[in-house]
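Heads up, there are several structures right after this.
You will see chain A twice below: alongside chain B first, and alongside chain C after that.
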Partner chain A sequence: MTDATDAIAVPNRRGSSWLILPGIIWMALFMVLPILMICYVSFWTQTTFNISSTPTLASWKQFFASDTYTGALWTTVRIWLIVLFTTFAIGYPTALFVGLFVKSKTLSTVLLVICVIPFWTSFLIRVLAWRPMLGKEGAINIILMKLHIISHPIEVLLFTELSVIIGMTQIYCVFMVGPIAFMLGRIDRNIIEAARDLGAGFGRIFWKIIFPLSLPGVIVGAIFVSVMVLGEFATSGALSGRKVNLLGNIIVTQVGSLKWAMASVTGVILTVVMGMVIAAFLRIVDLKQEL
Partner chain B sequence: MESRVLKPILAVYVVAFILFLYGPFFVLTILSFQQGPDGGPQFPITEWSTYWYRQIFGLTPPSRIAPLPVGEALIRSLVLAFMTMVTSTVLGVMSAQAFRRKFRGSTFVFYLIVLGMMVPGVLTGLGTSLLANNVIGITRHWYTTAFATHVAYTFPFAFLVMLAILNRFDGSVEEASWSLGVTPWTTFRKVTFPLIFPGVLSAMLFAFTLSLDEFPRSLFAAGGSEDQTLPLAIYGTFSVEIHPNIFAFGVLTTLFSFALLSVYGILMGLSVRRARKMAMQEDIT
Partner chain C sequence: MITDAAIFRIDGVTKSYGGVKALDGVTLEAGVNEYMSLLGPSGSGKTTLLRVIAGFEVPDAGRVYFQGRDITDVPAHERGIGFVFQSFALFPHLTVRKNVAFGLMHGRTTVSAAETDTRTQAVIDMVGLSGMEDRGVDQISGGQRQRVALARTLIMQPKLVLLDEPLGALDANLRGRMRNELRAIRERMGVTFLHVTGSETEALAMGDSVVVLDRGRIIQAGKPDDVYSNPASPAVAHFLNRFNLFSGKLSQGLFTGPFGTVPAPKTTRALEDVYAIRYDRVRARPLGSVTNGPALQASFIASEYLGSSVMNFFETPDGKVVEVEHHLSLGAPETFEARQDYILTWTPDQAIVFGQESNR
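Coming up: the complex of A and B.
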């Protein structure tokens, strides 16, 4: 049946199409329009405290001419790739246990709930809590010294790029665990049994069956982690002592000094990076089909 | 064979993983009982005390450390989260309802909505404040611009939850109702809504908690200090010296979240029990 005949045949019944309109309008006004606005303003003329709509490329040229700004772009990409890898590497074994090795449904639900509970603490306070963990006199150094593993406190733990990576990994790895565990839970155990009966070892079963079937979960997790890490600025600000500047940090400082045009240029670049990343991931897996 | 070796190893790993997740929270809880007002936000604990908890509630004599400016910010955040919850749940139910029939451009609309949970708050926040400042010329407030961006963020979550619920929904009860001449609106109210209510509760929970903790959108889209929401008030303490009061506050908000989760659990349990009771009555008659 085509849309038109369907609409005539069942008028006003379940889900008339007009119901979608408020949702579309809201997203158009408060998501699409703001992003278009950022693109538009990135070509505006910036004076010291003011901004006028005379079109210019000045801010764009300034962005690519400055090491601070292009550096922030590369730092963002680097930190994103590192955190993507660490969340995957740390999260996958957990997901493997929760989704595949735990036989009882209750236990795997309980484990997932345990993983989610930390999210009930405010995001900013969770970030801040890493400071007394990683500092020179922090928990990790104290424990390592008590165990006589180290004799001097490790100082690179806090206010470095490493602390940002540790903080982000902890905050975002659960977003990797959830989707992967979900996909692993859906694997038909008979397939694994069959492979085992045919004499395949665990390594072979993992690479030929388990990992490929969990790939959509990995991709969904990677999308979650990517969009959150790319748009970050609070963790990098709080744990690096302003040494690590991501694109998000640039936007915040530019807005703070009323440089709206430069903030917009950075915003457009962030949008482009984000768009490329999401598009690349969505080419691998169809999100709508996995629901 | 392999799983006999692998499973214990993975189990130990998962315990370590959970410790990694909870480590900061343990440290935060311990340090929240630091002696006050001179004890700093680091080890060692000079003396155990509840000073910082009392300070939050204004029960301590004034000291050089100002109490957290959270009172009004908390109320603003709760009201904002409530407004966001109601709006995005209504939008989510409506949109998911529309998606039960294929319509032209449904894939496009699906991605348009889902994009809302992916676009970073920095971008929607910045764009909205640009629009408000330079095009429309209105002042930004937590209950206008910030509210709009919050809903654009939480509505997709509500939408996905409702979509998942309605996908598994048996439409024949609705058809029965229509064929008895009940209007679509009454059918929705009396038949559909009670059946999808658990989903609605989950959507509400998602929207409320996401909005309550939402920070980047508020940072850009809310106005000045009279517009501070809770995360903004906490962020304000980042730039100055940190004191254990922020940790004590973190513990308190976590407990509040648990209370919220319990309410959700109780409501969920009640609605499931009611559904079971109705099903049993049907069996009898």
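Coming up: the complex of A and C.
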């Protein structure tokens, strides 16, 4: 029997392997090569106006010796964790509603499309739209003052870490909602009824059945959000008034002032952090088995 | 308050979905330690009926009683009624053992870990799943999944177990074996099973009593042999899938149908005049032979070998298919020529005649 299956499988394998060739070429040219290049450039010697390929550790030492750079690393990690938490905290209940409690498939699709409507405008518009919302004379302050809930405008709303977090949460929440709602939508309703029939109340059913079955969705969502938040620079640039510097902002500034070596060091560190985060998430759930 | 031997009783239960009545004033009760099968075609409301009893659906009208208590407003997880799903609905992320122990671990009543372990093992042994405890439920066969579904329900020691086409997802061979096993397990546990099925053979074979449901109404209830030999209406005769049915006219003890006018000694009151004759009561004679009873000319189409009998299919000139069953214990089957006409006949006393003008 094995002979027969091999005979069928082998020509297939040989015949189909060229299908991934364009993908491999694309990835090699535009991902592997640039990453190797960044690693290489990070060891180049940088002078004020020039860069030479003489190998040195100077830029690496400078990164870890400077509070600005290590500070940016920790800010990135902190903002990432906070946004991951807020997108989960807002996204999970939303996904639970859309994916599980809405019985009609049509309605749940409509609700998911509504979640995507903000994406019809450009990323920068979505970020900048928060300014008239959060500003000192912005919509939120005006409404709160009109309602006499506050007498002076709340100033921490804009150009602070808070505004960056609010902005990022809004932009990335949908990436958490989507995968979770998808996994929840796939749960057989009979399973939940079976658990109820065996005497489990809603809390038990949620923690023992629904949440474990939705976990792959949470992981996929978390990976989406993590990758995007860790590489962010636009939201922090536009909403923090340059007070919040993420690794992404450092790269933008360094490239802007032609400090290629330092930009590369930051880039390598960012890539390593993302790699570790994704690896950690994939350890929690075996996605190969679940999807 | 238990006034009789009924374990559950439903009283005038009605349930509609968007104006369509799935259940229309259904009243039914089952005794302690009884195997009741509920037969009905798809769309007859049989699954809805089970879901109302289990508490997954709230009836629009009527009450549900369980062990003498009105449970109409009691939520499903507080009813203590077992439910076995057609698709089994096992928890896909848990092992066989955890699936079976789920009710004890996460149910209303808390049970000590030691007791959970003993009871889980006992039920797993009883349904014959020893050695499979730590497998995932996607690593076992369909029959084993069926056993897990049953064990998971039985471990809660319910007094009533509802089974929604429990054998529907199994292949024919396994279905036969599981039938015997279901009965044996039920007898050992001494609980009442309410088994919903669309298969007349399953309903007749398994139930101590059979209830026939059609379009949300119970159209007959009784012992299997009683239902089989005395269907209460043409619809029941139709669902039993053992009768050739002919429409015609019943008048003064005579039925006029495509086979001529014949005496109808045994009649049952019904809204329409229908003549029913069991497949195995019909005989095929060569064309031209003289019969003094009913005579129906039909051409032979094909035959089907069923092991213990042969089913012959004939077609009347107006395109109606008549089935003739020949039990092999009665001798070798006759052979018929395809596309040749034969005369089908039977003894009139063996027919069941339904009509508005009946003598009973």
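Everything that follows uses one rule, which is that the second predicted complex is superposed on the first by the 270 of 291 C-alpha atoms of A that agree within 3 Å, B and C clash if a C-alpha of one lies under 4 Å from a C-alpha of the other, contacts with A are read in each partner's own complex, and residues count from 1 in each chain.
Just so we're on the same page, a contact is a pair of C-beta atoms (placed from the backbone, for glycine too) under 8 Å apart; a residue touches a chain by one contact, two chains touch by 3 or more.
The model shown is predicted, which means the values in this text are computed figures rather than measured ones.
Participant: Putting chain B and chain C onto chain A via the overlay, clash or fit?
Facilitator: fit
Participant: Looking at A:256, would you say it contacts chain B, chain C, both, or neither? Reply first, second, both or neither.
Facilitator: In the superposition, A:256 touches no partner, neither chain B nor chain C.
Participant: Give the label of whichever partner, chain B or chain C, reaches more residues of chain A.
Facilitator: Between chain B and chain C, the winner on chain A residue contacts is B.
Participant: Should A:238 be classified as contacting the first partner (chain B), the second (chain C), both, or neither?
Facilitator: A:238: touches chain B, not chain C.
Participant: Now for A:37: first (chain B), second (chain C), both, or neither, which partner does it touch?
Facilitator: first
Participant: Once the structures are superposed on A, label A:139 by its partner contacts, choosing first (chain B), second (chain C), both or neither.
Facilitator: First partner only, chain B.
Participant: Just checking: does A:201 make contact with chain B only, chain C only, both, or neither of them? Give me first, second, both or neither.
Facilitator: both
Participant: Chain B to chain C: minimum CA distance in the overlay, Å?
Facilitator: It comes out at 6 Å between the closest C-alpha atoms.
Participant: Counting contacts the way the document defines them, which residues of chain A are shared by the two interfaces, the one with chain B and the one with chain C?
Facilitator: 201
Participant: Which residues, counting only chain A, touch chain C once they are in their complex?
Facilitator: Residue list for chain A touching chain C: 188, 190-191, 193-201, 204, 208-209, 212-213.
Participant: For the complex, which residues does chain B have touching chain A?
Facilitator: 1-3, 6-7, 10-11, 13-14, 17-18, 20-25, 27-28, 31, 41-43, 91-92, 94-95, 97-104, 107, 109-110, 112-116, 118-124, 126-131, 133-135, 148-149, 151-152, 155, 159-160, 163-164, 167, 171, 174, 178, 184, 209, 213, 215-216, 219-220, 230-231, 234-235, 238, 242, 246-247, 249-250, 253-254, 257-258, 261
Participant: Can you name the residues of chain C that touch chain A in the complex?
Facilitator: Contacts found on chain C: 54, 56, 75-83, 85, 87, 89-93, 102-103, 106-109, 152-153, 156.
Participant: For chain A, which residues count as touching chain B in their complex?
Facilitator: Touching chain B: residues 3, 6, 12-20, 22-24, 26-38, 41, 51, 53, 90, 93-94, 96-98, 101, 111, 114-115, 118, 120-126, 128-133, 135, 137-139, 142, 170, 173-174, 201-202, 223, 227-228, 230-234, 237-238, 248, 251-252, 255, 260, 263-264, 267, 270-271, 274, 278, 287-288, 291 of chain A.
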